[in-house]
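Let me begin by presenting the structure, written as structure tokens, before commenting on it.
Each chain gets a letter, A, B and C, in the order it is written, and its residues are counted from 1.
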Amino acid sequence: MNYEQSTIEMYRLRLFKDRVFSKVMLVCTLVSVSVVLLIGIGLYLHSVPVLHKLSWGTLITSSIWKPMKGLFGFYPFIMGTLWVTAISIIIALPLCILTAVYITEYAPSRIKKILSPFVNLLSGIPPVIFGVWGVLFIIPLIQSHIAPHFVDFSTGYSVLAGGIVLAVMIFPLIVSIITEVLRTIPQDLRDASSSLGATKWETTKKVVLRKALPGIIAALVLAISRAFGETIAVLMVCGNNAVVPHSVFDPGYPLPALIANNYGDMMSIPLYDSALMFAALLLFIIILLFNIISRVILARLERKLAA
Amino acid sequence: MYQEVLQTESVAAKKTHISVKGLNVQIGSQHILKDINIDIPDKKVTSIIGPSGCGKTTLLKTFNRLLDTSSDVKITGKVLVDGENIYDPGIEVTRIRKKMGLLSQRPCPLPMSIYDNVAYGPRIHGTRKKAVLDELVERQLRATGLWEEVKDRLNASANRLSIGQQQRLCLARGLAVSPEIILGDESTSALDPVSTHIIENLFIKLKEKYSIVLVTHILRQAARISDYIIFVYMGKVIEAGPAEQVLQDPQEELTKQYVKGYIT
Amino acid sequence: MKRRKFEELFFKGLMLLATIIISGSLFLIVGTIFYKGAPYMNLDMITKTPGGGFYIGKEGGILNAIIGSLYIAGGATVLGLAISIPVAIFINMYINGKTFLVNTLRMAYDVLFGIPSIVYGAFGFLIMVCFGLRASLLGGIIAVTLLVIPILVRTLDEVIRTVPSELGDATLSLGATRWETAKVILRQIRPGIFTAILLSFGRAIGDVASVLFTAGFSDNIPTSLHEPAASLPLAIFFQLSSPVAEVQGRGYASALVLTVIVLIITILSEICIRKFYKQKA
């Protein structure tokens, strides 16, 4: 073949490759995105048996949990999840904002270089290790040193323990996101505030944190999602008692722990597997809704703050 | 405008607002400013000119101690403002900064409404009464010619303004804390010619009440509005004097070469 | 003025306290694991599979769990990459004009990222039931792949977005096809890809909920995809639930092994991130 012919042949081959690969990519994308729908549909279909027996309302608001009799009230588990998540966020958020601000605004550069990766190391530690640590350290701490001040008796296995363990788990997530956000705020803004005679803290409080607010909320959302769904660490320290917690020292039984603990019994009791799938569906819906709502709030915030 | 440049008032006869004596600045291992000795005259427009990277902005930042925020900075020497050395260990930094208003290169409105931007400084320094703040905000917005344009939307986000308006807002914000000196770091280089013209005129009007120090790399701008020019090259002050003299009849060789483009 | 200074000092103190608490917890956790686990740590633990009666105190090690976890995490990462790289390229190069589509897709992956691993485990279980699979290595790999894909897509997407558009433009204007340009961009972000691999591998190896229903458990090293596979987190959990003190101690040692593996991976990925950003600067 002469030169022109071979170039044209090669050209056709290249175009063919391009087209093939773009189809492949399209398929990969479609398949992976459709997982969202598939999960929702799959979980729903498997929840149908238990939904036939008890309505949505009963399932969500009833506290009666007697699988042998076919009674499934998820209210205690939903409350357990909410309690543990709330406690973890209340502990983690202020600590993390303060730390992130320290790392970006105040720390001398030597310390900054060590601190940031150091906090990230925490993010790699598997949840089960946190659970182990919780059992070894937090439970005795609560039982012997904290609870006696407040209640008569506590085994230490409580939503407080779950909240503390969860909080430590989500520290690196929140700190790293907020640090990133603070880092992208231009120095000019801080300079402008300083030039007007503001102290460093005033600049941080009134200008930097204000500008970083959307980012902080995004970090919060991510952290809450993670806390909701965490299974093993919480399972090990929460007490796993199907009652609605009334104080932080009460045991709790978050939804993920419920699913994980009863997986073994699932097949032997009628409707139990469907009920557990319903629990998974509940989790899925809560997180989905949460994601969408927070996006809307974020978008509105950004429109208000920016140009 | 050209008339004002031709005024050859001898600077020594007027009051000096800032007096720099033996200033040396080192950032990291680089010796940025070498043995600077200059006087900034009171209530005049002084321009600091020179090629990029030779220390003009660093010099400006030593005036309001903004250099303190950079890491690894060593400063020796004195900067006397109204006779007071601002690098004295006992000095309250925020008070010094309040005396100086800074206008940076890119307008940076604070993330709040137009009203809150101007009121930010006074609020920090203790002014709380709404009536007082209202009057202050209006006064400074009028002084920078923004009032008519924004009076109906004082609560809108400052980011909605055009760049020229934002820079004027930053100027109003800086004036609201009643400074004595205005520092401008290439403050018109991000603006279009019309906005630049407006801001330059503002500087000329403001020198009645404030001393103005501007860093610029645009020789024509220096010629248009300055009374006094300082030429900095490689961290050293090469020449300083009345604007017309430095531009038309420079004494030093380096100055001659730098302003060559302008003269011809 | 005094009040302002006081406020500044007060918050600076709070900040320091918060930082110490957070970085202190890392030390505390790793320290506790080392302290409890080191006494029970010996070579047998990592080179032998459990003998009979391992869970009541007899001999053996956790090699089954180590290998099992490595298989699962490795398989899931490879499979995940095979899907995520095309997706990331697709979003950034092939449809980047259509903003609405791109934003919706990114949001979908963010949602997937937020779905807890137990939901993936439950879903993986459903898939297995659907295809008649039993709890096995394959089941575990499938579930963990689902978990890992959003992590990979998100990381790769972010990394590709840092490549300046000039690179793609230059290649395209030389007459290259989009696929060829993609190959160039992939070469450019090699350290970033490595980071993504490390991140997802670290998550895959430590996660319990996704393998709980799907991988089963076994005292042996799986020799085929259809055999059940042990995983480190589950092994730790079972050992710790045993009433025998000796076994519990070994549970801590297993936790030590897992922690060390994960710390190595995290440190490696930190170094990679540094290299990547230095390369760009």
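Here are a few things to note about the model shown:
By definition in this document, a contact is a pair of C-beta atoms (placed from the backbone, for glycine too) under 8 Å apart; a residue touches a chain by one contact, two chains touch by 3 or more.
The structure presented is a predicted model; accordingly, all values stated were derived computationally and were not measured.
Distance between Cα centroids is largest for the pairing of chain C with B. Distances from each chain's CA mean to the overall CA mean are smallest for chain A.
Looking at which of A-C and A-B shares more C-beta pairs in contact, the answer is the pair A-C. Rounded to a whole number, the gap between the C-alpha centres of chain B and chain C is 53 angstrom.
Inter-chain spacing, taken between the CA centroids of chain A and chain C, is 15 Å.
Note: centroid distance chain A to chain B, computed from Cα atoms, is 49 Å. Looking at chain A, residues 199, 202 sit in touch with two or more other chains. Those residues of chain C in touch with two or more other chains are numbered 4.
Counting partners per residue, chain B has 94 as the residues that reach two or more other chains.
By the touch criterion stated above, chain A contacts chain B in their complex at residues 108-109, 186, 188-199, 202, 206-207, 210-211, 304-307. Of all residues in chain C, only 4-5, 7-8, 11-12, 14-19, 21-23, 25-26, 28-30, 32-33, 36, 83-84, 86-87, 89-91, 94, 105, 107-112, 114-120, 122-123, 126-127, 146, 149, 153, 177-180, 182, 202, 205-209, 212-213, 233, 236-237, 240, 251-252, 255, 258-259, 262-263, 265-267, 269-270 touch chain A in the complex they form. In the complex of the two chains, the chain B residues touching chain A come out as 64, 66, 69, 71-72, 94-95, 97-98, 100-102, 104, 106, 108, 110-112, 120-121, 124-125, 157, 159-160, 170, 173-174, 177, 183. Of all the residues in chain A, the ones that touch chain C in their complex are 14-15, 17-18, 21-22, 24-26, 28-29, 31-33, 35-36, 38-39, 42-43, 46, 94-96, 98-99, 101-103, 106-107, 115, 117-130, 132-133, 135-137, 168, 171, 175, 199-202, 205, 222, 225-226, 228-232, 236, 256, 259-260, 263, 276-277, 280, 283-284, 287-288, 290-291, 295.
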